[in-house]
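Labels for the chains are A, B, C, D, E and F, by order of writing; each one numbers its residues from 1.
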Amino acid sequence: MDNWLASLITETPTEGYDLAVKMSRVAVKLTQPDAAMRDKLRPEYAEDAEALIAVSHVVATNFATVAAANGYWRK
Amino acid sequence: MDNWLASLITETPTEGYDLAVKMSRVAVKLTQPDAAMRDKLRPEYAEDAEALIAVSHVVATNFATVAAANGYWRK
Amino acid sequence: MDNWLASLITETPTEGYDLAVKMSRVAVKLTQPDAAMRDKLRPEYAEDAEALIAVSHVVATNFATVAAANGYWRK
Amino acid sequence: MDNWLASLITETPTEGYDLAVKMSRVAVKLTQPDAAMRDKLRPEYAEDAEALIAVSHVVATNFATVAAANGYWRK
Amino acid sequence: MDNWLASLITETPTEGYDLAVKMSRVAVKLTQPDAAMRDKLRPEYAEDAEALIAVSHVVATNFATVAAANGYWRK
Amino acid sequence: MDNWLASLITETPTEGYDLAVKMSRVAVKLTQPDAAMRDKLRPEYAEDAEALIAVSHVVATNFATVAAANGYWRK
């Protein structure tokens, strides 16, 4: 993949959250590069409550990093 | 979704906790945008002890970020 | 719920730990507001080793936040 | 329980690690106060690889807090 | 293994993320040094949604460390 | 166990990572002191993808602490 993560700095917390979602997905892509296989797995997590909660946990972990990088957008 | 996370700053720890709960839910919405499917999954986690504990873990992770952003509401 | 988390500041680490336990439980209450259902689920985690360990992990995550808020009670 | 966590400060990292182990166990005690039930559950995790790894994760989380409290015992 | 982790400093967040992925894999190698066995296990996680999410969580945890080491590449 | 964790300070990130691996194992030893039982459990996690990922997560959590203790070996 190219330079997909050029910076951790975002304008707003909402954009920072979107970045955290993206970061969470890239690790999956790097581990399973086959897009067809990823599509096949999608219902496995998008229709499974525990998997969705696990996704949310990963996003929370990445958001903590993005938020710290942005000084929590305090001003 | 619009600018749903305008700021991490809240008046009180209680409001910060509510924000952490909201943040935990948004990742689920972004991963499973179909509201009908989410409603169908609800009993799967709301009536399952391990899933509820997992939800609580995600909230704790998000609350850590919100609390740091607010200087722990120390005054 | 009312203003149940008025402050993260406690007198001692022990009280901070108790607060972390409380914080861990509130996320469960907010996700499953039905007290009768929560009572029904109680044996599911209180008599299951993995669930108890998971509870302990959530408490540890919340305690990290409370401890930081209190400057680790260093005096 | 009495004031079991009087301080997060320890002489050495080893003692800090022991404290982290203790902290990890107390959350279990508070959630399952029945000692006989806890004894019954013991083989469930002490003879299960995934549960032992989960215990180690909780200890790691608590140790992070204890280590920060002690300034990482840097001198 | 030789000195595989000479530094946590990287030029860009993208390279930092790649390092976090590498760090996540090394723990697996140290625990299961047999490359043939690791290859055998690969489909078990690369074709399993929950395992892929778990991988992403480990990467997020390691990336937090790498990002902090690099001052979040703020300049 | 004796004073096995005399210090969190290491010369290099690689040595810090090795220390994180050791720390992750000690919690298992303290919870399951019987070496024969631990040997019996070894295939359970060394040949299971999810368990190996979980091990990697614990190492990542401990490495975060070791890295912070060492000022990220920034020089």
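Here is the rule we go by: a contact is a pair of C-beta atoms (placed from the backbone, for glycine too) under 8 Å apart; a residue touches a chain by one contact, two chains touch by 3 or more.
Only a predicted model underlies this, so the values are computations on that prediction, with no experimental measurement involved.
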Inset, instruction - Trace the shortest sequence of touching chains from chain E to chain F and report its length in steps. - result: 1
Inset, instruction - Starting at chain C, figure out the least number of steps needed to reach chain F through touching chains. - result: 2
Inset, instruction - For the copies chain A and chain B, give the interface type as same if over half of its residue numbers appear on both sides, and as different if under half do. - result: different
Legend entry - Distance between chain centroids, defined by C-alpha means - chain D, chain F (Å): 15
Legend entry - Distance from the mean Cα position of chain D to that of chain A, given in whole angstrom: 31
Legend entry - Where chain C touches two or more other chains, by residue: 45, 48, 50, 54-55, 57, 61, 64, 68
Inset, instruction - Pick one for the touching-chains graph, please: line, ring, star, complete, other. - result: ring
Inset, instruction - Mind sorting the chains in ring order for me, with chain A at the start and chain B directly after? - result: A, B, C, D, F, E
Legend entry - Partner chain F, residues of chain E touching it in the complex: 1, 3-9, 23-28, 30-32, 37, 41-42, 44-45, 48, 50-51, 54-55, 57-58, 61-62, 64-65, 68-69
Legend entry - List of chain F residues in touch with chain E within their complex: 12-14, 16-17, 21, 45-50, 52-57, 59-61, 63-64, 67-68, 72-74
